[in-house]
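Each of the two complexes below includes chain A, the first together with chain B, the second together with chain C.
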Partner chain A sequence: MGRSSTQTATRGKRGPFGFILRYLRLAGIFAAASVSAQLEYRTNFALGVLGALLEATGALFGLLILLGDGQSLGGWSYYEAAVLLGLFTFIQGMIGGLLRPNLNKMAEAVRSGTMDFTLLKPIDTQFLVSARNVNIFVLPNLLTGLGVMGWALAQLPGVTILSILGGIVLVGAALTIVYAVWFMLTTTAFWFVKVENITELFNGLFRAGQFPVTVFPSWARFLFTFVLPIAFITTVPAEVLLGRIRPASVVSALVVAVGLVVVSRWLWLRAIGSYTSASS
Partner chain B sequence: MKRMVATKYRDTGRPSKARTLLEVWFANMSAYRAEIVIWMLTGSIPLIMLAVWIGKAQAAGGAVGDFTPQRFAAYFLAAWVSQQLVVAWVAWELDLQIRQGILSAKLLRPLDPLWEHLAMHVTERLVRVPLAIIVIVVGLFIVPGTQLTPDLPHALLYLLSINLAFLIRFLIAYCVGILAFWFEQAIAVEELYYSIAMFLTGSFAPLDLYPVWARTIIEWLPFPYVIYYPVQILTGEANGLEIVRIIAVQLAWITIFGVLRSLLWRRGLRRYGAVGA
Partner chain C sequence: MKHLPAHTIQVAGLQKHYVVHEKEPGLAGSLRAFFHRKTKLVQAVAGVTFTIDPGEMVGFLGPNGAGKTTTLKMLAGLLHPSGGSVDVAGFTPKERRAAFLKLITLVMGQKQQLLWDLPALDSFRVNQAIYEIPDDEYQATMREFNTILELEGILKKQVRKLSLGERMKCELAAALLHRPKVLFLDEPTIGLDVNMQVRIREFVAEYNRRFQASVILTSHYMADVTALCKRIIVIDKGQIVFDGDLGELTERAGARKVISVELARLVTLERLASYGQVQSVEGLRARLEVPRQTTSSTAARLLAELPIADVTIEDPPIEEVIGQMFGGHRPATADMVRAQEPQEVGS
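Take a look at the complex of A and B:
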């Protein structure tokens, strides 16, 4: 079964839909393969669930402290900030589940020269280095993130079907931005070689994304909007989910997402163009 | 050359063991300075919270309770530095050594492996100093009028207290790492620590801003003595008898975890031998 589906997937079909279908199918095969490898370690799962619950409880408790003086958090109430917090947890889970297991291997592959084999495969190389592995141990974090978001959204009156649908689109844009930033950071491995830890820098700063960007003093707000676009990753999608749509920020989020993907693609093509394997 | 080094340390007796360990590990850690800088910036929660709380204070017209932006800046800069100085990854080291059997070779040495881990951690701290100074200077520049410490005695007592804080943290991590003798998920336990430590140690907010019920519980745990109380000493919030009390409680926690570590270590070693690793 595995073999026949691999064959259909790699044979491919004509036309743009055939192309997309082929890559979706490949992504499915990759995911199934890495999930079955991880199921061997399922005992770790119980502690993972406990960890995710503790983390969510801690974060909600943190909001309680931050709002303890009776003032809002940059104009956000407790439940509104909790929606954002849930979204942040969810996106962090997606980073751990989809980006980290793939992109962190790229630097190592460039240094040791195993990137050669990747470049020889008859599919798009950016797709292959980005979608080969899935980590299922982040599942508890994804679920607590969605749980906190759902619970908080249910307490708020302004939420409609339309705002949720709009929110989903912007969460998609947010994930695209995160992917592009991570991808560009790791692509620098082609020139700088030792960059395993560089994405950790992003993670350190990204933790600011669990708070609405409006809470920060102006110098930090500038940093988180224009230098590292954390505002577009959590604050703007959460605003849309809450039904507080500001067209300017929505359009900017979508433009930033598309722009970063284009730039990251360009960077990747330049990187593999200049790649000369490990020994040379 | 090799022989020369050996003779150099052979006849100087006991102190040279410590010196050798420290010299070797300082050289080792210096090689990782780029990574260490990145790890330092990864532990950025106190700096993020500094910005969040100052933003809150500005929005509230100058202060949250009696915390001004300057007081927040002093607290969180001190908390960030303290977090850098108490970092301990010995649980990972032990977990790896126990599960892969590397420990067997270490046990042949006439020295408890604890000392090697300690040397590794202490020398790594020295590599952190330059960036720590830069971050503090930048922080003091961004929030003018911040006074990190009132006088030299407070700064010196802080140095004592933060070293004790490091020992508490190091011994907790050591006990967790030893759990690898019994079960495979020692590291998962260590990660549980990270998911809640931020709130219990005071990296997230000064404990003064916590709800009373939470503060009452936390006071009975070792965690505030790792960051919150040393910071109180440095920033001059704690004085006189309070400083004596903080240091006494820190010593008590060190004793408790030190004894626990010895007990666990002895029992664990017996088990390690039993499986023939």
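Take a look at the complex of A and C:
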């Protein structure tokens, strides 16, 4: 860890590539520290591994039951729905592994005042609060999701290399959307201080993503597409994976993702401007 | 830097106010406050002006809630001022430029940045990456800190297993790893025993000497300030009430000492009062205020003439000194004990 820092010692201007490289390296160092911290407690770590395996098994059975009757779901065939569910499980794992450990701690850091140290660091603070921790116990869940997705995709004729590449891009957009929405909700802690119930609100909403938006009545479909972008989290990427590429939804997913990140950034800058810190 | 200002820190008319809400105690009060919030404006810093030169060490004194911490946080760029101007090393702190943040550090005795579950060394490595400290410079700094702070043997222990003093040493090292030129130290010795306080003080003095760093220090311990700072700024109710030489302040403030005695058995109050001004009596413990010049002779007389179990001599608490010097309000006897409890208001 940190061995190669002499290369980054050049303190002047660096190109966009060097900039990305530096932040990737920082993310690696944060992740390593975060995993080391979890490894300090061996019993807890072993329990975590066990719990992760159990949870993944549970998720797998849940998928099998949901898919068990071989019926179609909102116009989606059996295997298509399996892709969607696999994707949902995967995205849920990514959220649990990368987003939840950080965003859950943000509000607490504001309340207790340890946000002070974060804001004093000479790197992008939004990055620092968003990438500080990882949870590796979601790995079995991620693999379950990927496995189910892979198995179901293999049964479907319309899947091509192109649709898979497109799917990967859109999954990236989906994670970005989830991140931005959750991040914005958590950022309100700077004004409201205690907002942990936002996590629950968010989880409740996100659960709607395990079904294709087409199963919902039209008013809910409208809501989940345009107001709360749940459709972009699972339905749209799954559609692309399945080879049903509709340029309009691909473009709008990317636009929504970029737009939300821009807004989250604006909100973050506003938030740290009105930071009041906690009593020392 | 092309533009080198004459002063490291320039503050003019700096202000900060907060809106806070109040509630009556109890559930009923909470419910009322939930629906109808009573807010009021608190003037934490009400227009302060001062400058600090390169390499200068200044002590910030003042009662709890006076605005010391709020001022420090504005200087560090954490809080945006409500009015006035701040310039630190040629930067406007609230813009929080990376180049500025690499020049400063803020140490808070009551908060910690070290990763709780990991040895301090891991936190140092993270900071090394964040501050882009080259390996050779990192190693050199660590070697120096090792010798001055005696970190050997504690760097590889989990932070949560360290004693308070050990942890503070590591906190300081983590905060100074990037060799900042401006140090904001907010109660860095709080809760530490006397030996550790001395060690921390020596370290700060040594750092200041080696790196010509400017230091602003707030502390409840008069000894911290007298050991380190030639110049004192006293803040009360968000305003500067004294800015000048330490000698001048101690002459006024340090004219008296407090002798705390623990008696072996009860003694009449009149008898105690014949030795000095009785500040407080609590069971067998009593605090007497005496003039500085006669401190040792009075202590000797006390030991010889009264059934004394234990005796300590100390400077009067800063709150009291400042209360006497500026507000004129002497804390009543009953308040004495409470006056030492922190009761920070909105800072």
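In this section, the second predicted complex is superposed on the first by the 233 of 280 C-alpha atoms of A that agree within 3 Å, B and C clash if a C-alpha of one lies under 4 Å from a C-alpha of the other, contacts with A are read in each partner's own complex, and residues count from 1 in each chain.
FYI, contacts are C-beta pairs under 8 Å (C-beta built on N, C-alpha and C of every residue); 3 or more make two chains touch, one makes a residue touch a chain.
All of these numbers come straight from a predicted model, not from anything done at the bench.
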| Given the touch rule stated above, what does A:P157 touch, chain B (first), chain C (second), both, or neither? | neither
Item to complete: Check the residue A:P16 against both partner chains and state whether it touches chain B (first), chain C (second), both, or neither.
Response: neither
- Looking at the overlay, does A:G273 come into contact with chain B only (first), chain C only (second), both, or neither? second
Review point. Which partner does A:R25 reach: the first (chain B), the second (chain C), both, or neither?
Key: second
By the touch definition at the top of the document, which applies to A:P122: first (chain B), second (chain C), both, or neither?
second
### Message
I'd like to know which partner A:P247 touches here: chain B for first, chain C for second, both or neither.
### Response
neither
Considering only the touch criterion stated at the top, classify A:A37 as touching first (chain B), second (chain C), both, or neither. second
Given the complex, residues on chain A that touch chain C span 1-3, 5-6, 8-9, 11, 25-26, 29-30, 33, 36-37, 40-41, 112-114, 116-117, 119-123, 125, 128, 272-277, 279-280
Per the touch rule, the chain C residues reaching chain A in their complex are 18, 69, 73, 76-80, 94, 96, 98-102, 104-106, 108-113, 115, 117-118, 122-123, 125-126, 128-136, 138, 158, 186-187, 344, 346-347
In the complex, the residues of chain A that touch chain B are 43-44, 47-48, 50-51, 54-55, 58, 61-62, 64-66, 68-69, 71-74, 194, 197-198, 200-201, 203-205, 207-208, 211, 215-217, 219-220
In their shared complex, chain A is touched by residues of chain B numbered 34-35, 38-39, 41-45, 48, 51-52, 54-56, 58-60, 64-65, 142, 184-185, 188-189, 191-192, 195-196, 198-199, 204-205, 209-211, 214
